[in-house]
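Below: a set of structures, written as structure tokens.
One chain, chain A, links the two complexes that follow: it is found with chain B in the first and with chain C in the second.
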Partner chain A sequence: MSKMTDLQTSGILAKECLRTQICGEGEWPKNTVLYQPYETEQILLPDNSKCLSVKTFLKMADLEFIVEARENAEYMSPHRGKVPFIKAGQFLVADFEPIVNFAQSKGYSLSSNLDEHQKWDLRVYMALVNNVLLNAEIYVTWKHEPTYNDLTKPRYGSVYSFPLNHWATYYKRCEMLSHLDVLDWKKKSLDEVFKEVEKICESLSNFLGDKKYFFNEKPTELDALVFGHLFSIITTPLLNNRFAAIIRAYDNLVQLCVRIETEFYQSRFL
Partner chain B sequence: MFKPPLLEVESWKGDWGLPSIDYKCLEVLAFARFTNAPININHSNNPFKSVTGHLPVVSYNKRLLMDRDGLIDCLDKLNLSPDCGLTNLQLAEEHAAISMIDAQLEPALLFSWWMDESNCLNFTKPLYRNALKFPFNWYYPNVYEKEAKHKIYTLYNHLESDNDIMTEIYAEAIKCMNSLEGRLGNNFYFFGSHPTLLDAVAYSYLGPLLKAPINGNKLQAHLKTCKNLCIWIDRITREYFKIDWQAHKCNEKKILEESRQQMNVVPWYKKEETKNILIGLVTMVTMVIYSFKIGLISVSDTSDEEDED
Partner chain C sequence: MGNLFAKPYHDFNISRELSLQDFKLLEHKEARVDQVQVQGYSKTKDFIIQSSINLMFSSNSFNNIIKNAEIVRKNLMSLNCFENISINIDVSSGSNSTPNGYKVIFNTQELKCASTILHSIARDNEGFVKLGFKLNNLTGHANHFKIESSLGNSGTQKFDACISRHIPGSISSCASGHIFRKKSYWNAVHGVFNEWGTLFDLQFLASYKSHFSQNLQFEGVIRDINMLSKNSPFRLREESGVSVKSSIKHITTIDTRDSKVLANEGAFLQMVMEVAGFGGDVKFLRNYFTSQFYSKISKDVVFQGSIGGGFITDLGTFKKVNMMDRFFLGGPMTLRGFESRGIGNLNNNMAGVTSYWVSAIHIYVKPLFGMESNRINEAFRLHLFCNAGNISFFDEDIKTNFRKIFKDYRLSAGVGLVARVGNSIRFEFNLCTPFQYTTGDRIVDGFQFGVGANFI
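Moving on, here comes the complex of A and B:
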């Protein structure tokens, strides 16, 4: 608690605290809408992973929401280019972590019963997935030439009319490549990228062990995030199945995906 | 006699008790010291020969090692890994923690050094300008500034103003520091009694953030309240970079003594108080003389005359 006051005095987190105060505690707003790109013909691997993560998190926390697909979701987002985002009451919140924080400010959290050391684990592994797996997805989608030409270009441009589809795709690609460049990912070869993926799967698999979820019996934000990414990678058809094959090699991770899928998604269809 | 090849490192000079002013050099040096690798450090301060325009340049057996992974592979081949003895679970934790530190502390360091206007002009640029030799000192600091800004703006292109970016970066960094502080606790190092790769990486970002003499930085102020981390940084410097630590201590002592001597040497007529009293006296005398002159105070001889009568 003393640390929290420290932060407030230092004034940096003031903005976040302010937002928490404005939203206040209280009910999860009714009619919460999650906006995302079209799933079948438009969405790309990195965005798909993020959307799936957020949806899984909301389902795990038992929060109501409806999904709406918009072709320009990316430009509607309060933080340009970040999908998915939710409209909850008067608030627009984009990206996985801010949405988790927003839900927490409303009193819905999956990780409140963890101890200090487990919270540290949660933080670092979430950072790992966000930094490595997401970049690997971006690399395959935008940097890998055959994938870009055969899949990314037609899909990303599909919602725009003639001159715009080329320009928008080109612009987005430049943005993504410079993102990879500053993180030193651009000069990596595809093999090196897959090596990174293998390393992260190894780490996650070691951490999961033979537990039901990452933190024993109850699912947490980390489970939602990992499921979102791994499930998208396994199920998205790419030019070759190397990416998915790496993940399939880790049995307990695949088991985790299957478990979450049956528990949170298939019950719908019954 | 056979001499095993050395790890050749070209690096920036050290300062403020740290072996190098640059975080990437610091990481390599810490890594080499922790593993006891045979190393030859050359404080060349000259990035001109480097392919990337940055130091450190690390080479082993005439082969360049471009990044962290290259260095780790090389040390692994020499059977010098600081991570031996860690379980698989700990290795996984280390891998995850390093990715978090990289993602959250590097932007924070870059922001407070290069994007904070006053720090950039008064601290960072002069720092590199002094370290570099003549024609380069007008070129590289500007290049580094541009690169740092480009990196920040690319990573945070979804935010509009510099202020928003700062809030986001600093909030993330503070959370990161808090969790590191909590994780470290009273341990000697993150994984017990031996420093590991995680210690090296965290040290390379937190060391400069704590020690650099920058003004009014919120991160530095916050880091100073994290007692465990401060102690841990000093411990690494003291145990693994003895020479820099001692040199810094000597320097500090010298400066302290010099200032003390100066305090003692000041003669009484040069002290502030004497000056003030003198000025006060002169003013009073002037005022009294002036009031005599305009007749505000007059000394009459009448009383004396009356007495005589």
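Moving on, here comes the complex of A and C:
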């Protein structure tokens, strides 16, 4: 049995070696393209947050990329349904964390100067944001009935012709609901969801304190991720502004968003 | 075929089989059908049968009666309501009979209400097992309901529910509606295709010589292309996603072959014209055809010449036709000596091409040369073949298109063994050599095995 696991581990190691060999250290591939759904007509809150996080991360790390919008971005993605994804040379990488890891394998990291303890904090908070904010966005977009009918359905189906707009939206909803079900979020009420959001905002706010970024002077992956989510939530028009209002209550988080916005995007204002 | 019995006019009460001379005598004799009896049916409605047998009353000679009886039998069988039909022709007797009058009796045996489907078919180099059940003649109007699912050995799955209704007449027609779900898997590069769709089909069968049929179909399908492999070229990945096709298709088939798989004589022509874009997001015009021509050179040698081709014109503006609509060429049953869909460069035309042509010449020899027909001679043939074909992208300019068609065409030849299983499955074991190919083609130089129902 142990031999078997040894073999498996050596297999995985060999694959990993091969991967790093192919990827190589150093050069960030030229002509890297980030694929995402259409921003004005199609994209939904959770995808928008993730796209914004990835874009912010790439900008913070000063990595070159161009954005291309495709209506079938989520189907083109190497991990079906996950947007955004990047095409870097021969590689396709989808979702925030894999892209961060990919950049790291190329030698670009925002958190390399942190000590062990801070790195743990970074990971914990990133996991927290992914677990709570992302799921809350998915909940509001797909589970909350009025939002689903008034916003999600027309937006998601906007790129498809008649029978497909209902069909594709229905399938996506089933998928998303089963995702929420697995994580035990499906049974929650909207109030409970917002309570969770409040909790995480509170702890993020406490962690940020008066600092410029979460880990003092330099932005990290956590800043990119938090900015992506919070900025999207604040700026996306929903049926009512309850979701945004929760976040607006934490002044230092809003200030963080403004700071990142002006520093890395400049053109837009809150 | 049923039994043919008759009583000559002068010879009462003695029923005997006709000798050839008697038959010749009777052949041109004036005759009239007085009575037609159909026996043995209970569920089928009368008017369904009536419209089929009306033809009998138009016969004016004995020969005519026999011919018409056979046509009526075929028509009745095509209703799919009967298991077996035999014909009796008799002189009519009784008060209403006329001097030249005959009585025709059809002995029928109806199919059971429900039956199971279990058989194997082969298509596109893949063997399938079909499982399902059938409800025959639901209300007696020759309407059927069928549910079947087929599983292929390389991962293709199909589920199909079909309701069909036969409309008898001088041109018999069949209307059917299908709901299907199909999942096909070609190879690792092209990913998985999922389809959910409906198909309405109207088929007209005219018994001109043997078979001349026309189908008018409407198809509405939701297609989903899913790239599984990370190694798929990005060009293919760009086409992944969901799309709707709603199209009207017209199929003309003329088939005078004496066998569908190993024919000795006859010709086969099938033309398909498809216009998509009635709703849905792809718009195109697609035409393709296959033709085969057989001729017997001597008792044991058969010549086959085939040609096929097709082109697709994209009419869409927003969404382009994707690889499920375009053509692919190559494979052990079409352009032998190349892998299935193996013609073309991975980067340029992996996602299909807009036009193709393929041709073949076969010379078949019966394996037991000179012997009377027996099982081996019927099921196997040795063949020599030569294949040529090409793919190209059409554009606006007709002159360059014409040049493109023949530029760098592919050529292969070889020998092999063809086997027939049942009446529709064809196996081929070939030793082939591609003579002309371009870089990027995936060739098979040597042994190639193919199975399928469609071939060139």
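Here is the rule we go by: the second predicted complex is superposed on the first by the 248 of 270 C-alpha atoms of A that agree within 3 Å, B and C clash if a C-alpha of one lies under 4 Å from a C-alpha of the other, contacts with A are read in each partner's own complex, and residues count from 1 in each chain.
Going forward, a residue touches a chain if its C-beta (ideal position, glycine included) is under 8 Å from a C-beta of that chain, and two chains touch if they have at least 3 such contacts.
This is a predicted model, so every value here is computed, not measured.
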item	value
Touched partner set for A:Pro237, first chain B, second chain C, both or neither	neither
First, second, both or neither for A:Trp120, with chain B first and chain C second	first
Contacts of A:Arg80 with chain B and chain C, given as first, second, both or neither	both
Which of chain B and chain C A:Lys199 touches, first, second, both or neither	first
When both partners are placed on the shared chain, which of chain B and chain C touches more of chain A	B
On chain A, positions contacted by chain B and by chain C	80
Touching residues (chain side chain C, partner chain A) in the complex	196, 220, 222, 224-227, 230, 234, 237-238, 240-244, 279-281
Contact set on chain B toward chain A in their complex	67, 88-89, 91-93, 95-97, 99-100, 102-104, 150-151, 154-155, 157-159, 167, 170-171, 174-175, 178-179, 182-183, 218, 221-222, 225
Residues of chain A touching chain C in the complex	70-72, 75-76, 78, 80, 87, 92, 160-164, 167-168
Residues on chain A engaged by chain B in the complex (per definition of touch)	3, 6-7, 10-13, 15-16, 79-82, 116-117, 119-121, 123-125, 127-128, 130-132, 175, 178-179, 181-184, 199-200, 202-204, 206-207, 209
